[in-house]
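To keep things simple, chains are lettered A, B and C as they appear, and every chain counts its residues starting from 1.
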Amino acid sequence: MSATEARAPKRLPLAPHEIVLVVILAIALAVLATLSDRFFTLDNLLNQGRLMTEVGLIAMPMTFVIVTGGIDLSVGSTMGLCAILLGYSWKNFGFPLELAIVFALLVGTVAGFINGWFITRLKVPPLIMTISTLALYRGLAEGISQAHSVRGYPEGFYLLGQGEVWGVPTQLWLLVVAIVIFAVILARTTFGRSLYAIGYNETGARFSGLPVDRIKLAIYTASGLMAGLAAWIFVSRVSTTRSDMGTGIELDVIAAVVLGGTSIFGGVGTIAGTVLGLLLIQLLKDGLALTGVKGDATIVVIGAVLILSILITNFAQRRREQGR
Amino acid sequence: MSATIAQAPARKWRFSLSQEWLLLIGIATLFIVVGLINPRFVASRNLQSILLANAYVAVAAIGMSVVIVSGNIDISVGSLIGVLASISGALAVAGVPVFFAWAIPVVISILVMMLQGALVAYLRIPSIVVTLGMLSILKGGLISVTNGVWISGMPDSFHLAQWHLLDLFIAAEPGKQAAVPESLSALKPMFDLLTMPVLFMLFLTLGAAWWMRNTAKGRSVYAVGGNAEAARLCGIPRERTLMMVFAVHGLFTGLAAVLFATQPSVIQSTVPPNLELTIITASVVGGVSILGGTGTVIGSTLAAILIAAIGSALIFVNISPYWLRAAQGILILVTVLADIYRRRQRGLAR
Amino acid sequence: MKYSLMALALGATLLSGNAFAAKWDGGDDLPTNPLPCDGGAGTMAAKAYDGAAVTGSVDKSGKPITLVDVPKLIGIGYFNATTKGMQDAAKELGNVKVTTDGPTEAKIDEQVKFIDNYITRGVDGVLFAANDPVAIAPVLKKALSKGVHVIGYDANSTPDAREWFVNQAQFNGIAKAMVDNLAKEIGEDKSFGIVTSTFTTPNQARWIAEMSAYAAKCHPKLKWLETVEAQEDNILSFNQASTLLNKYGDQLSGLMGMTSVATPASAEAVTRSNLCGKVAVVGLATPNAMKPYVASGCVKSVVLWNPVDLGYAAVYVTRAVVDGKLKAGATSVEAGKLGKLSVVNGSEILLGSPFVYDKSNINNFDF
């Protein structure tokens, strides 16, 4: 533990990579705002917040998971499974809607717990475990629903996904709360510091007496729970339940987290970085669309920004290390 | 991990062999059981369908296995195959000699993969980040450039994947099956199975397996994947080995793309959905450890065949294809658990 | 669910009201309305306008307008063709600008995001082909509430989320063309299989249900064997079609492709299995994708409306809505070179009867 603390990054308000991101984001915002007068409006920004909530919620625990050197590829499928079970239990089991929602969140939690259990108890590598549950959970969603969609929820159900509270999209409040909670946990608690320790050197963390397995089990379970929450919001936003929901969202989430400077090797990363990564991707997509760039070209830009930003940070880091 | 390096290939060979036997037994069981329910499942026509349509997955999984053994991963492979297939088709339609329509995509594939390899090896960007970015670039780029127009009207000789073994010896129109001489007619079903994609799959698998096991370069992949630092101390440079790994992966991806492109009469110039996942699954089920350092390509080819056969079998036994993915997920999980169990046994034995 | 359930077909009209039909997998449970066997026009109940109204739109009649077209996905031949038709219409009209943009995969949330962005960007109208009729509704309603005209084509949303829908062909018309062609090619008492996208894709499910009802009424001896799903995936379609051929062997005389991807892939599977002439392929597809198989004689006929005309009509309809020429209660609308198109089913504009492409005319089309 002492060794890791000695080498842990100094607690600057923003890490170098985050400064790179803030600069890129500021430039992008300035350019896009001059190109389209409809981009930098409160209305548009709030709306973008609504659209990025699901990815954002899942990105929070994903940051934790990646900080420990793990990964969770099953989140999109977990989301699909939760969405299907929300609709299915409401329609076919006759659950009241509230119970169906709780059930869906529970299913997400269990799905995440299963990942965590196999990863910690049976030492299945996270990538493999979550690739197999990526297929398994999606398969269950398709098998259970037989790809029938569930529609016709009562009006009140749509408040979360389509409504507003105090002029701000309902789900955005949830995202803000989640960001604050996860940021505080990661930066200010022993639990958060243990995540860095595990990611930096798992064996070392174990020897210094950290309950590594319990911590990992907790974050994978949290990942499942947040995927369930995202499923609920998503169903409420698009007013229907389909088994293909959330397909490929894991790549969007991982792109945001990695762009935010969390190292895929573990040990480095912040929630602030992830939020910056999220904002950058969402606003780039939106801004480019508003200035008339087509969707396919936007995907290319996002891919290039992802590689370049990591590249810049790597160079900066190496120069600092050489300078020392 | 580091402890296993010292006792490299011989032992690994034996242990991973059991993964391969497991897959062989799985394939055999599947064919016997489903064959008893519906004999047409084991008719040579269906075997041909299963092998022919999935040989390119097996070929791509060879390269993926090499990448995973080296401790990396590539999620751009499906998009790259889509891009290369479109290039190949477009070249053929433009009247480029067919050999170049096959060869140019392979060269491009090697170059793209080496570029990714350079980012991973020298600039130390994690492979998952590099290939995630590349996935985006290729996918968006392909549609931007082609607008998704379907490519058709390639010359007949372009369709390499439709050639049969006999076409090579008996001058015949490619694609149209050569007449089997009287004396060999008893063997016809076997010749039917030996289409180009299947031959590619067989020879590339055996060749790659030999390379990985018996050459110094091939073994250095295991060393770097097992423990890069230890490998470096043994005089195996991480950077150059990774460049080689990605170049080899590029070669197999290119060949897979050519098989993929030369099969249908019409090439859909979009990225085949979820292809990278199928390929990674084949590698992993084949016994390649995602932690790097172990696994062989024979396993990945067998796994590709098994996964394809399961997809076909579900229709023959009237199970909804909706359960296919759940079955795949369970299959990977079981394989991985078996692998972990074996490792523990080995750990205890030591 | 391999045992076909006997289900009561609750027809919208008395014609089919009492008919029993063995339902085929992949069809939906909505009422069917099969056309008469002899080719006469079916009965259609008159219905009041059931589309939505746009609020707060600026009157731009006769003035230049900007439209955005968000299809299910971009990069497939079919939607390339509708895009072409839209550009043709825009050029003819002179005061319309259309941009096509959309997701690269048929994903509902992506499509919603695209439409949302364009509402913010400020367009006069949204043209859409829905990936899901319900999921797309909230964002379309948002467009309507911001004064953006909303017109659907190809795949409908719920009627209360758009003003008009340009219907390429009546479901029962397509069903009749498909089943009649199949029966003509394979004979009345033969068996066939279906390759579709998924059991829940709304258009495909509707067609299969209508085909099932029409076959029960007019070709009762035709035997349906199985429906397989293949998404909109070329390779998967080929594999599924090959597997059907292998599974049923001589029993199978025909394959029906329900998507513009499944049909060429089925033809490819039949060609590769050397079964041309033994197994007929009938299906929905774009001419370019089918030319090799029609030329080789492996496929005799392809059923489709003209997607270029569909896109063309969608733009003309939108122009008419903006100009106030198409209002609730209208019975027809003028659509350039297509002439007068009639309003059916409340708020749908019918493009016409499905078109059958064969060797004699397929080379006249390039899309």
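Definition applied: contacts are C-beta pairs under 8 Å (C-beta built on N, C-alpha and C of every residue); 3 or more make two chains touch, one makes a residue touch a chain.
As the structure is a prediction and not an experimental result, all values here were calculated from the model.
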What shortest step count links subunit A and subunit B in the network of chain contacts? 1
Winner on C-beta contact pairs when A-C is weighed against B-C: B-C
Based only on mean CA positions, could you tell me how far subunit A sits from subunit B in angstrom? 31
With chain centres defined as C-alpha means, what is the inter-centre distance between subunit B and subunit C in Å? 37
Could you check subunit A for residues that touch two or more other chains and list them? 146-147, 294-296, 299
Touching two or more other chains - residues of subunit C: 74-75, 104-105
Multi-chain contacts in subunit B, i.e. residues touching at least two other chains, fall at 139-140, 143, 320
Can you check the complex and tell me which residues of subunit C touch subunit B? 1-2, 74-77, 80, 104-105, 226, 228-229, 231, 233-235, 238-240, 242-249, 261, 264-265, 268, 271-274, 288-289, 291-293
List of subunit B residues in touch with subunit A within their complex: 73, 75, 119, 123-126, 128-130, 132-137, 139-141, 143-144, 277, 280-281, 284, 289-291, 320, 322-330, 332-333, 336-337, 340
Show me the residue ranges of subunit B that touch subunit C in the complex, using the header's touch definition. 38, 40-41, 43, 45-46, 49, 52-53, 139-140, 143, 146-150, 152-153, 162, 177, 264-266, 268-273, 311-312, 315-316, 318, 320-321
Under the definition above, what is the set of subunit C residues touching subunit A in their complex? 74-75, 99, 101-105, 107-109, 112-114, 116-118, 120-122, 132, 134-138, 198-200
Residue numbers of subunit A touching subunit B in their complex, please. 71, 118, 122-125, 127-129, 131-140, 142-143, 146-147, 251, 254-255, 258, 263-265, 294-300, 302-304, 306-307, 310-311, 314
